[in-house]
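Can you keep this structure in mind? I'll have questions shortly.
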Amino acid sequence: MINKLSFVSDYMEGAHPQILKRLTETNMVKSSGYGLDEYSESAKEKIRNACSVPEADIFFLAGGTQANAVMIDALLRPYQGVISARTGHINVHEAGAIEAGGHKVLALPHQDGKITADSIQSCIDDYWRDDNHEHMVMPGMVYISHPTEYGSLYSLDELSRISRTCRKNNIPLYLDGARLAYALACPENDVSLPDIGRLCDAFYIGGTKCGALFGEAVVIPRHDYIPHLFTIIKQHGALLAKGRIAAIQFDTLFTDNLYTEIGKNAIETAGRIRAALTDRGYKLTLQSPTNQIFITFKKEVAESLSEKIEMGFIENIDSDHTVMRIATSWATQKEDVDALINIL
Amino acid sequence: MINKLSFVSDYMEGAHPQILKRLTETNMVKSSGYGLDEYSESAKEKIRNACSVPEADIFFLAGGTQANAVMIDALLRPYQGVISARTGHINVHEAGAIEAGGHKVLALPHQDGKITADSIQSCIDDYWRDDNHEHMVMPGMVYISHPTEYGSLYSLDELSRISRTCRKNNIPLYLDGARLAYALACPENDVSLPDIGRLCDAFYIGGTKCGALFGEAVVIPRHDYIPHLFTIIKQHGALLAKGRIAAIQFDTLFTDNLYTEIGKNAIETAGRIRAALTDRGYKLTLQSPTNQIFITFKKEVAESLSEKIEMGFIENIDSDHTVMRIATSWATQKEDVDALINIL
Amino acid sequence: MINKLSFVSDYMEGAHPQILKRLTETNMVKSSGYGLDEYSESAKEKIRNACSVPEADIFFLAGGTQANAVMIDALLRPYQGVISARTGHINVHEAGAIEAGGHKVLALPHQDGKITADSIQSCIDDYWRDDNHEHMVMPGMVYISHPTEYGSLYSLDELSRISRTCRKNNIPLYLDGARLAYALACPENDVSLPDIGRLCDAFYIGGTKCGALFGEAVVIPRHDYIPHLFTIIKQHGALLAKGRIAAIQFDTLFTDNLYTEIGKNAIETAGRIRAALTDRGYKLTLQSPTNQIFITFKKEVAESLSEKIEMGFIENIDSDHTVMRIATSWATQKEDVDALINIL
Amino acid sequence: MINKLSFVSDYMEGAHPQILKRLTETNMVKSSGYGLDEYSESAKEKIRNACSVPEADIFFLAGGTQANAVMIDALLRPYQGVISARTGHINVHEAGAIEAGGHKVLALPHQDGKITADSIQSCIDDYWRDDNHEHMVMPGMVYISHPTEYGSLYSLDELSRISRTCRKNNIPLYLDGARLAYALACPENDVSLPDIGRLCDAFYIGGTKCGALFGEAVVIPRHDYIPHLFTIIKQHGALLAKGRIAAIQFDTLFTDNLYTEIGKNAIETAGRIRAALTDRGYKLTLQSPTNQIFITFKKEVAESLSEKIEMGFIENIDSDHTVMRIATSWATQKEDVDALINIL
């Protein structure tokens, strides 16, 4: 329906064709509701294997803000807050969903969207050392995303140090994997699904932006780490009646390594675009290796390009310069990339 | 995956085949996210026409508890509660989602799942007449469902009187249409979509139980009656990134009257089962004309039947008797009904 | 400021004179804020002794609704509700404070304001036996008051059975003692402070209605049973900066048995009024032995009496009859009782 | 009870003696509960006169965090947040009370604890200009305190500009006056009570830190600007049963200009201490003219002084330096100041 070249986001198409095929094949089979069906069991088992978390509790939710709000509510006690990068999705783009659940986001400075083990430890130390800390919000968990909002990646070393810091301080580490497939497909990435399963206390594997019609798989490696999570999900209005619809999608994504393959097209096309931008002298706002490219344009250049190319608007940094985002995805077409590069 | 005859619920299959066909056909078309796409516009326009609400604001959400929680939060002020039948879904089977949003459910006695204009007026009068009403929860809206939890139907006269009562008292009327297609397909029903559009201040048209993979269409007849509802939805984690996926389903359901046709199979098969039960001397718990049949069994009969037929368990009414539910749907097969009747 | 005889409530005067004396004597002594002062320590120690709860955590809050809301929030997990009599203060007269904290009140039928161990057990059993209980609100604690809203008293046997039921089911028992002094002063009462300390998991000793300017003493017999309760209190806006002001009042009330003495005047004067009412053929709505008398009047009688006596309005039971409440207190004057009886 | 010289806070004593005298004189007079008494009417009328807000709604609450939480909940819609200095009490020292009410604190950079009309306008502009603002928290009101957390004062010009900015953007301005008496007593202050009444949409006049046993007077200049605020207060557990106890205190504070006089001793003694500190070469952390003095000490100096003087700990700014606070109050004794200066 969109006529211009569009690189606005990574959720502009439907689903990987294999997913629609499976949905169609299984359509008239009867199954139980609320995730108590065999498709859900199968998908969970495949995810447990892929992440090396044989005991994990797994739930399929509809979207990322929902997954974050449910899990943060489930992991925190009412007097606790969640540590996040100031740029974290939960701090900026979830319309206050975390606060609506009663929790403060304890926002830390970031580097390219990332926070560090040291800054987390400082935040915790500052709290406990303060004479008045009982009048303050206790840091109760850590939220990170991989890739981050800015498309950057945690190294395995960075993630390991954050995990150690969390465990030393006895607070859970939660990872938002809305675009996890694009991290996994990235040559620069050295964090595997089993690493995440080992280092995090909860995380979600993104479907919506990674080839599904919708859906995120929430994984809690330790069984019953969060008692009554089923009811917590229901209370948040997040329980899918036909759980199988999400499950069949994840079952497909975790068959024949589709989830680790599906991001490759996005990374390759983003690489070509990045190279073309650099060649032509455009200024990348920051170095990020995944499927999002942030470019600082002169305003008139941004306006001129916008007539032919739909990009995402990020911010005006001054009266002359604008940051825009180009996003590729599993569905990005070679011809569109050629056309884009041509226009640039 | 289920081998026994199964009449447990009306959401055991995928979607009407036409829906999967449309999802497949449109799969690789690019569109904007968050409901700002042409499929959403088309579906909304068809619903506006079907309900004769040309100015209506419409949003597509994922499920019924979510729709109820979002809309009740959006319609009430913090010091207000929602009037509902004691048996209402929001009062019993939403895990406290309404209270989690800060609101009390003001539960009224019911008849076959229905409440009356008079009982609503009494509840409101009791509040305002009480010297201490400022210490109490103010009735702020009315929640009903059509069909009700017990499969019963409001007559147009009953609904009109409830609507008049709400408007006289200046509180909104909200209708939960999780199974609305089964009401519309029912010969006993005299409430049309335009009636609902005219008499209610907000309602949702159920998709999940009426032939969609998932999804409910929230309709607010008066434009901008609820300011910033988009953000309220986002804050509840209820905004679908690929809004089109739900929209395409509703666009299909509202093409060629599919939504008003889709329930007929359920009503016809339920009618056959009801007749067979009555013939064979089984006791219907209550008279309901839609796709849910409630039967009071002797316990040993219920147990014996359960070996061959999956039914829904409702409650033990004493040590000898059990209430069970048989649900039909758009997808119920003639052969399964034959087999069921045979077993009975 | 009120010229008519007034028996509207038991909080119409200031404080027991001994309390004002202590506040005046200690006024210019410096002390730490937030309950970390020696007056607070002294008052807590006296309450621990009076209740035989040597390890108890104790906090002084400003009012009853606040104490209930804070403690129910502190004792429940988000997916749990609180069992209460339908007539319980939390269910009727707290403006939805419990729901505002996210919790459903699971209202049980009552007898003269009381619930029973059996009805509590049934409520819990109904939940766990329901196939769909994960879609419902889990009973997470029990709320009772002593005396109840209707002035009735739990016997030690009744309270013991409720306590056993709670412990068997592993859910806490919380007792609202807004008018506890009037129970303790009542000859019919066989529940002592140490009984309450032994049988309840949390309770509050009422000050506001029992001789203090304001204040309720929340007692949690087991130390650290509720971690970080200080912060939970602060988060609810319930932490008194000058904690000593409440503490000095409780220190006075628990010196020389003042708290167990202070209610006697109320019980004696209520007894005289009750006898006079019965003598003159008035109909007591229910038999309650404490400081609240509920009378069912013919409407014209109620209106005629209201010209000379201020009573509390409870409800119209039909077009001819009205229930009114006469409340006595520690401060009720003999002459006012004489005058009241005279008018009757 | 404290033997060292103590300058820890401005709420270490009871109340101005005149307040205790009035409480004692009126103790046995009967009055209605919940603020519906003549003392409350009298106090409100005096405050209306002092602030030139003849139509104002006024409520007496118990404490500052409570007042802030109630008013911010009452003024915001669920999807809105409150703009505040990053150092604002609501952002740092209220244990997440605002977030517990569902609202994000939109924290702005500060200068000596103050924010500016320009920074407020930028925050609002940033929101509305952002393409994705419907996914973000809408700025819904402005919170300031006078004096600020750092003891600094808004000039009338600054306050006027902030007020104009709020009105231009149609969002309310709320002022936290926990220490307002100390501003009013300060020669540098040019903001009067009528200025505040004219420029703010809601504010509270602090009692707890300004000579009362407890209590804050919430003032809303426009009548019925916040419908059903009584019930909102009750729902927050913030309604005082014996409203007169707070009212009598404010009635006393607003008789014979006591409230504008009561802070003078604090300002004078703070001035003497500030001069002595400067004389002896101590480093004031920032210039603030009210009753709080922030001093940057070498750590060993802070430790040595702490043996003789109790001060408030603010923060360690590096391994060698510590910021401490000295607070004076209406009750500070000349001899204690002499002794303090002597030790310095």
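Structure notes:
By written order: A, B, C and D. Residues from 1 in each chain.
Here, contacts are C-beta pairs under 8 Å (C-beta built on N, C-alpha and C of every residue); 3 or more make two chains touch, one makes a residue touch a chain.
Given the structure is predicted, the values throughout are model-derived calculations rather than measurements.
Note on connectivity: the fewest steps through touching chains from subunit A to subunit D is 1. Matching A-D against the pairs in B-C, B-D or A-C identifies B-C as its interface repeat (over half of contact pairs the same by residue number). Annotation: C-D is the more contact-rich of the chain pairs B-C and C-D, by number of C-beta pairs in contact. A separation of 50 Å divides the Cα centre of subunit B from that of subunit D.
Taking the mean of the C-alpha atoms as each chain's centre, subunit C and subunit D sit 33 Å apart.
The geometric centre of subunit B is 42 Å away from that of subunit C, both derived from CA atoms. Residues of subunit D in contact with two or more other chains: 78-79, 94-96, 100, 102, 134-135, 231, 234-235, 239. Listed in rising order, the residues of subunit B touching subunit C in the complex are 78-79, 81, 92-96, 99-100, 102-105, 129-132, 134-137, 313, 315-316. Across the complex, subunit D meets subunit B through its residues 73, 77-79, 102, 134-135, 138, 228, 230-232, 234-235, 239. Against subunit D, the residues of subunit C that register as touching in their complex are 1-2, 6, 8-9, 11-15, 17, 20, 23-24, 26-33, 37-39, 62-70, 94-97, 100, 208-209, 213-214, 231, 234-242, 244-245, 331.
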